[in-house]
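Accompanying notes for the structure given below.
Lettered A, B and C in written order, each chain numbered from 1.
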Amino acid sequence: MQDLLRRYGPGLTFMMGLLVAFWLLMLVIVPNITLFEQSFRPYLPVTEIGGPRDTYSLNNYLKVFDGKVEKSFLGHVFTIPVHVYTFSLTIFYSMLVTVICFLMAYPLAYYLAKIVNPKSLPTLLLLLFIPLWVSEVLRAFAWWIILAFKGPLNALLQGIGLIEDPIRWTNMGYAGVVIGLVYTYVLFMLFPVYNAIQSLDSNQIEAAEDLGAPWWKIHWRIVLPHAKPGIASGSVMVFMLSAGSLLVPSILGSTTSQWFTQTIDQWFKDALDWNTASAYAFLLLLVCTLFVTLAMWVFRVKLSDIAK
Amino acid sequence: MHRLRQNLAHLYMVLFLFFLLAPLVVMSGAAFNDSKLPSIVPWKGWTTVWFTEMVNDQRMMWAFVNTLWVALAVAVIAVIIGTASAILINSISGRVRTVLYGLMISTILIPGVVIGISTMIMWTKLGGALFGPDGKPWPFIPGLHLSVLGQVSYIAAMVMLLVLARLQSFDAGLEEAALDLGASHAQVMRRILLPHLYPAIGAGAAVAFFQSIENFNVTQFTRGGADTLTVYVFSKVRSGITPTINALAFLLICVTLVLALVYEINRRRKARIEAEREAEARRAEAAML
Amino acid sequence: MSAGIDLENVCCDFGTFRAVDNANVSIRPGEFFSFLGPSGCGKTTILRMVSGFIEPTEGTIRIGGKDVKGTRPNQRPTALIFQNLALFPLMPIWENIAFGLEVRGVDKATRRRKAEELLKLVDLPGAADKMVSQLSGGQKQRVAIARALAVEPQVMLLDEPLSALDLKLRQHMRAELRAIQKRTGVTFIYITHDQGEALAMSDRVGVMSQGRIQQIADPKDIYNNPVNGFVASFVGENNIFTGTVGAVSNGMAAFETPEGSFRARIAPEAQGKAVKLYVRPEHTLLSDRAGENSIPVTVTEVAFEGAFISVHARTEKGMILSAEIRNDGLATVPDLGTRLHASFDPARAALLPDANVRS
C-alpha cells in the first residue's frame, strides 16, 4: 500500500482503489451474495414478496431430488432423481471432454514447443488462433452443419465407403455435445500446455535421450512433470467452460442429452422461477469449485499457477 | 525411426489444423450454396443471394449494431478496470495481494450462467429495494447494460492478466527517474507507465472486444428483450435457419483473417526495426573501443 | 549553480534494521564527493534520502542550507542518475533529455534546442532523434547525464552508473564524468563500491561500512592514512599482524606480535583501543639483510604482473606476507625458496582499530 502511494500518489491510488472496489464488490461479490440469498427464498408473485410466506428454506435445493427416473448402468437398474442424473452426466461428460482435449492437445503442444522450425512457428500459432476469434455460436453452428443427417460428414463417409447409411450424429446421446465442446475448447488446453513445455530446457530432453531413455519415458519422466502446471491450468479451463456451456449443448444436443445449464435456463426463462434457478446455479458453482479445488489438490498446483 | 516420428508429428499438425479450420471452411462455403438449407452438400450452384438477404434482415442488423455497442462498452470498461487492477496488484504484496488476486482470477472460472443470473438478480433487486417493485428506473431493469456489467466482471480479469504480464517487464526505476526529473504522479502515469503498457492494453481491448462479441451465457440471462448477434444466431439455429447466417459468418471470418494478417505484418516490421537498432548499438560499441 | 549538502545525525531504519546510522557529512558546493563501501553498507540509502525517495528516520538533511524534510523528489534541486540509467525506452533521445523540461511546461522548440545543446556538451551531437536501443552503453551513459543536467540541478546524484560497462569503457568514462563535472560546476555525489573509481574521480571520499561513515577525507589521505582497519582493507591490500601495544611515544608505539616486535605509527584516537598492525604490500621490502622492523621469510610464490612483481613469502611462524616490487626494468625476480628479510618503514605502518560499528 505504501509502495502504491509512493509510486502513484494519493489521487491515482484512490481512483485505482475505487475501480477495483467497484469491480470486485458491485460486479462479483454482491451479485453472488444476492444469488445465494435469493436461492433460499420461495418463488412468489410480486405482491407476496416480503410477505408472511417469504421465508428462508431449503426447498429450492430439494427440488433437485424431485422426479425420479429409472436408469440402468452395467446391468443394474436403479431410480435416480432426474436433475441429479443430469448433473452427474454433465460432470462426467465435462471430464471426458477435458481428457480428450488433453490427449489431442499434448502432442501438438510438444510439437509446437520442441519440434517445429521456429521460423514457421508464428504463422502456425496465428492459424491456430483463428478459430478463437470466431464466435462460439458460429463454431457450434459449423458442427451443426457438418453433423446434419444430410450433411458433409455423412456424405464424405459414404463417399469413401466407410458407412452405407447416413448416421444421425445429433441423435446419439451426448456425441454431438462432446464433439462440439472438444472443438470449441481444445485451444484452451493447447496454449497453456504449449507455454509450459516451451519453458522446458531442450537440453534436458537431449540429456535423457543421450542417457538412453526411450521416447515414452522422456515424456513420462521429464516433459509431463514439467508441463504439469500448464496441464492443470488447461484442464481447469476446459472443465469449467464445458460444464458451464449453454450454447453447445443447446445447438448440438440430442433429445436425450440434457445439460445442467439447460435445466437452469429452463427454470429461469421458461418457469420464470429465478429463485430455483439461483439455487441450481449456486449448486453448479459450488460443485465445480469443489471439483477444481480437489483436482488442484490432487495435482498439487496453486490457483496462481493456473492464471499463467 | 527419428525421421518417421518427425513425419508423423508434421502429419498430426496438418490433421489438427484441418480439424480446426475445415468447419470454418464448410460454414463459409455454405454461404455461397444456392440451397435453402445451410450446407455444402448437395452443391446447388454459386449464389450471393444470402448476402443480400443478410443485409435486408432488419433484426440481424439491429443485433449486429447492439453487439458492437456492447463490445465497445465492455472493451472500454474492462480495459480501465483491468489496467487499474493490474497496476494495483503489481505494487502491493503479502496477504492482501494473494486474496485480491485470487478473487480476480476466480471470476474467469465462474460459469457464465452464474454470472448472468447473479448480475440480473442483484440489479433488479437493488432497484426493487430502492424504488419499489413498479417503475424501476434504468439501470435497474434488464437490458444490454446489465450484459455489459456481467461481461466486464470476468473480461476485466483477462485484461488484468495481460497488463500484469507486461508490467513484469517494466522497470520501476523509470517511474522514479521521471519523478526525480520533476514529473507529477499523473505525468508519470501518462508519459512513462501507460506508454509501456499500451501494447498490452491494446491486446486487452482486442480480447475484451472479441470475448464480448462471442459471449452468450451472460447476455442470455441479462439482455431483457434486446438481441445481440450471438443470441440472434442462437435463436435462428433453433428455429428456422437460412444461410444468411453463413454469409454473416463468412464476413466475420474474413474480417478476422485481415486483422490477424495486419497484426502479423506489423509484428514482423517492429521486430525488424528493433533488430536494426540493436545492430547499430553494437556497431557504436565497437567503434568506441 | 550548485549547492552544498549537509547531513546531520541522519539515521534510517527499515523495520528493525538500521541501514544508515548517525551519518554526519558536509559536502561543499561544486565538490565531487564519493560514498565508497561494499554492497549493503548504506550508501545507496543515503543517496535515496538526499533525492527524496526515502525520508530519514532521524536527523536533518539540508540542500543549499535548506531543510528538505517532506519535500518530494520532484521538488528537490537534485537529479539522480540510476544504476541502470533508467532511460525511457519509448522516447527518442531528445525527448528523454528534455523530459524534465516537458513536465515543467517548457515549449517544444525550447526543449528541442536545449536537448541539442546538452547533447553537444556530452559529446553526442546528432543523436537527438535516435532511440535508446540504438545507442551503445557509453552513449546511453552520456544521455543519462544530459537528461539529469537538463533540469539544471544543483546536485547530481550518481548511483554506480558505470557498473554495467566493461572495464575499458569504464576507465574512459571516469575521465569523462570528471570533465563534465568540472565544466558544469555542479555538486556530484557519487556512489560506488569500486575503490579505484572513487579514488580516481573524487575531491573527497566517504568510506562506509554497516551503515556508518568510517572516514571522510581526500583520496590520498584515505589510502595513506586510513583511520581504521576497515578503511585500510577496503581501499587496498595489507599485511596484518595481531598483537599488543607496548610503550607509546611521539605518535609511535612498540607492538608485540607472535612474529616479533615492531614499531609503527599510532594515531591519538587509536590509543587505548585494541589495534592491529597494517602494512601495505608496496611498503613491505624484501632484502637479504636484517634491519629495523624486519623478520626472516622464505619466498613461496612469485607472480610477474608487468608493472610490478608480486611476491608471497612465509614467516617462520607460518604467516604469509605479500610484497610488491616495482618493476623499474632492473629489479630482480627472487627465486622460490629464497630466504630473505621482510621489513617496513615504521612511518609507513599503522596501528589501527577495527571498523567503527555500533556497540
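In the analysis below, a contact is a pair of C-beta atoms (placed from the backbone, for glycine too) under 8 Å apart; a residue touches a chain by one contact, two chains touch by 3 or more.
Please read these numbers as outputs of a predicted model, since none were measured by experiment.
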Starting at chain A, figure out the least number of steps needed to reach chain B through touching chains.
1
Relative to chain A, which chain's C-alpha centre is the most remote?
C
Between what two chains do the most C-beta pairs come into contact?
A-B
Could you say which chain's mean Cα position falls nearest to the mean Cα position of the entire protein shown?
B
With chain centres taken as the means of their Cα atoms, state the distance from chain A to chain B in Å.
18
Using mean CA coordinates as chain centres, what's the gap between chain A and chain C in Å?
61
Between chain B and chain C, what is the gap in Å from one C-alpha centre to the other?
55
If a residue has to touch 2 or more other chains to count, which residues of chain C qualify?
53
By residue number and range, which residues of chain B touch two or more other chains?
184
So chain A residues touching two or more other chains come to none
So in the complex, which bits of chain A are touching chain B?
1, 3-4, 7-9, 11-12, 15-17, 19-20, 22-24, 26-32, 34-35, 38, 46, 49, 104, 107-108, 111, 115-116, 122-124, 126-131, 133-146, 148, 150-152, 155, 183, 187, 215, 236-237, 240, 243-247, 250-251, 261, 264-265, 268, 274, 277-278, 281-282, 284-285, 288-289, 292, 303-304, 306-307
Parts of chain C lying in touch with chain B, wherever the complex brings them together
51-53, 72-75, 78-80, 82-84, 86, 88-90, 99-100, 102-104, 131, 133-139, 147-148, 150-151, 168-169, 172
Any idea which chain B residues touch chain C in the complex?
171, 173-174, 176-184, 187, 191-192, 195-196, 274, 277-278, 280-282, 284-285, 287-289
Where on chain B does chain A make contact in their complex?
5-6, 9, 12-13, 16-17, 19-21, 23-24, 26-27, 30, 37-41, 80-81, 84-85, 87-88, 91-93, 96, 100-115, 117-122, 125, 128, 133, 149-150, 152-153, 156, 161, 172, 175, 184-186, 188-189, 210, 213-214, 216-217, 220-221, 229-230, 233-234, 237-238, 245, 249, 252-253, 256-257, 259-260, 264, 267
